[in-house]
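A, B and C are the chain letters, set down in written order, and residue numbers restart from 1 in every chain.
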Amino acid sequence: MKTFFKTAAAAALIALAGVASASAQQTKVGFSPEAYPPFYSQDASGAWGGWEVEIVNAICAEAKLDCVLTPIPWDGLIPGLNSKKIDAIMNSMSITADRMKEIDFSDKYYNTPTGVAGAKDQTFDASPAGLKGKIIGVQVSTVHAAYAKKHFTEAAEIKEYQTQDEANQDLAAGRIDATQADSIALDAFLKSDQGKGCCDMKGIVAPDDEVLGPGVGAGVRKDDAELKGKINAAIKAIRDNGKYAEITKKYFDFDVYGEAAQSN
Amino acid sequence: MSEALAIPLRRRVMGWLQPHRIVLILIALAIVMAAAIFMRWDWLPQYMPLALQGIWRTIWLLVVTSALGLAIALPLGLVQVTGPIWLAVPAKAFCTIIRGTPLLLQLWLLYYGLGSLFPQFPWIRESFLWPYLRQAWPYGVMALTISYAGYEGEVMRGAFAGVPRGQLEAARAFGMSRWKVFRRIWLPQAIHRALPTLAGETVLQLKATPLVATITMVDIYSVASRVRQETFITYEPLLLLALVYMAITGVLVFLFRKLEARIPSRLG
Amino acid sequence: MAAGHFRIRPQSQTRGYKLDVLVSLFGASTLELLSFEPPGWGANLLRGLAASIQIACGAFGLGLLIGIGGAYGKLYGGPVVRDLLETYTTVVRAVPELVLILILYFAGTDLINQLMTALGYPPVDINGLIAGIGVLAVVQGAYSTEVLRGAILAIPQGQIEAARAYGMPPGLLLRRITLPAMLPFAIPGLANLWLIATKDTALLAVVGFSELTQTTRQAAGATKAYFTFFMAAGVLYLSLTLFSEVIIKRVERWSRRGMPSVSGPH
């Protein structure tokens, strides 16, 4: 039955191949379809925008790639990349040694510190001692989850969410005491109507380069050196020609590329 | 004595083990062996304790929500058959709404929908229920319970309505009180009628439990997800997960068969 | 701080606490979010509903085809076919749809592409819609196999024997006798499967497919009006179910035409 079905499916797909082959030249950029302001956000018409979407477009235009944003759930991005559902990941994914075992990364295109936000009516700081006995929400399979598990497991209870947005939602609902995430993304939440009322930033976590990595890069397949080279060249080009700064100015009043830019 | 038993058993085994089946079983074994050798299982020992805990949570969730759901389903079915209209109509509406919307949506409405209302009711956080409302499992249990109640309530309605009227009238004619008729005649027969679907509904309930992983509950499904996320191994945890669910389903079906065999089938 | 707070919500202060709560539950501020013109998300929800219906139709239809093949294989196939079909239906009915969807979603496209490469075709790009339909069809196929098998078995044996005695070829027998005769027995089960198909599309939200539940979740996440949007989606799903039930009743009556009434003479 299974082989029968597979042949039938293959036959159906051959019939559809005419439709599908048109997209053979496209570069599919995977992202998880969830609100992650200011990097990814959706407007009421269903279109995606945000700092990272604009950067993706700028990189693709610079590298002359015909990019299509392809929605894949966050925890399916790396498997999706390796099974060729997508060709690149540009979704605020940090470059880490663990991920490098599975996929390759371009150079970083931004790097921001990791922060902890918590309920307003509680005072604590972003250290294991400060978070003692608290419930921390993190998004699954992120550097923040890895960091929290490494540093806060003994002190606090860690709850994992499918999306950061849901963790924020539960923080506002009072179900968790704190959430650890990218400081910029947290800042956007704390400035929103919901975040303003309930929560504030508790601080920046102690650095741990081994877990948090050198920044956010575009994920590519290990054997796809060509695409990696193109993206690297494009990141450098938009840094140099002012396009990066132009986009960044619309969203932030500082350079999200990270301080390392000056030193190397 | 034992010989007399042995022959039919042997014949039964032989009847089942036809030549082509032996070939199929060998092929299946070869696939399993290939999976064991060529796929990655080195993560298993590390996650074993977590997985056992997850299986336990899944079974706990299944048993608790099925039992609670059945307890609600009985009155739901009964009032639809015999209750006053102000009870029958809401019961009918409840079943229709629960059966007409996806469980995933109900779950998210309960967890995130209600959760988003909490900040507007400051007194909720001071109430004695708050420690429970903070956690995920009460919402998971509630969603699964009402879902089971909705589906099984419909089944119970049919079962109560299907008991031959003459039996109830005969019992009344014997001078049994209404409560006694219900307890001795109506309820046992309705349950007996519903029993075959009960097994099916409970298997469906098991298949619904992994949805609670989307609201941060830790069941066996979420353990498998965690393995996938931490080790970047895609297929192995999912295949093992499927095997675990098949095993639990097998045990469930076996238990329900035993239960059905214990209840005399010649009723009514 | 208090002054700032007062300035933001002057109306709610005057309207009182209870009304404020009602407004935030269902009030104009969140109901506006459902309108069809941006900033309302209504059009998005309807697009999601359309996608859900599309997947449900595709999965149900494809599942029905699998079911017809499966039922025939189970009833008239050789021993190997029968055992393989039994394995298929048993596995699908024992494993949660969510797990099957994940396995088929990741492994299915992978396998098909490997198969295509083996057959000498270039790898194809399987879009989310086709993957979603295919995945749910495999699930639906197992259930409809069982429904159709039962329905075919319920046909009075004499009808098929009579057709055979007339020397009807198998194809004609299927078209003229088996399919129409089994329909009244199959429709209740198939109707149930259709309703399951419409609700199972929600599970594709977990693999990021933008059907109704996923678009609802996105809208809720963007606007923070979780309660309003989940309620709205519930209403949409419920209307789909109720509408389907009306159609099903008609189809049922049509398929039973010419048959004696079930309840018998009074």
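In this text, contacts are C-beta pairs under 8 Å (C-beta built on N, C-alpha and C of every residue); 3 or more make two chains touch, one makes a residue touch a chain.
Note that the coordinates shown come from a computational prediction; the quantities given were computed from them, not determined experimentally.
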item: Overall pattern in which the protein chains touch one another (line/ring/star/complete/other); value: complete
item: Of A-C and A-B, whichever chain pair has more C-beta contact pairs; value: A-C
item: Middle chain, criterion being Cα centroid separation; value: C
item: Whole-Å gap separating chain B and chain C, where each centre is the average of the chain's CA atoms; value: 21
item: Distance between chain centroids, defined by C-alpha means - chain A, chain C (Å); value: 32
item: Separation of chain A from chain B, taking each centre as the mean of its C-alpha atoms, in whole Å; value: 37
item: Contacts with two or more other chains, residues of chain C listed in rising order; value: 84, 106, 206, 224, 226
item: Where chain B touches two or more other chains at once, by residue number; value: 112, 115-116, 214, 234
item: Per-residue multi-chain contacts in chain A, two or more chains; value: 79, 83, 166, 169, 194
item: Parts of chain B lying in touch with chain C, wherever the complex brings them together; value: 18, 20-21, 24, 96-97, 99-106, 108-109, 112-117, 120-121, 203, 206-211, 214, 221, 234-235, 238-239, 241-242, 245-246, 249-250
item: Interface residues, chain A side, partner chain C - complex; value: 1-2, 4-6, 9-10, 13-14, 16-17, 20-21, 23-24, 32-35, 41-46, 71-73, 76, 79-80, 83-85, 163, 165-166, 169, 192-194
item: Interface residues, chain B side, partner chain A - complex; value: 112, 115-116, 118-119, 125, 133-136, 214, 216, 225-226, 228-230, 232, 234
item: Touching residues on chain C, where the partner in the complex is chain B; value: 20-21, 24-25, 79-80, 83-84, 91, 93-100, 102-103, 106-107, 195, 199-203, 205-206, 213, 216-217, 220, 224-227, 230-231, 233-234, 237-238, 241-242
item: Sites on chain A touched by chain B in the complex; value: 75, 78-79, 83, 98-99, 101-102, 135, 140-141, 159-162, 166, 169-170, 172-175, 194, 197-198
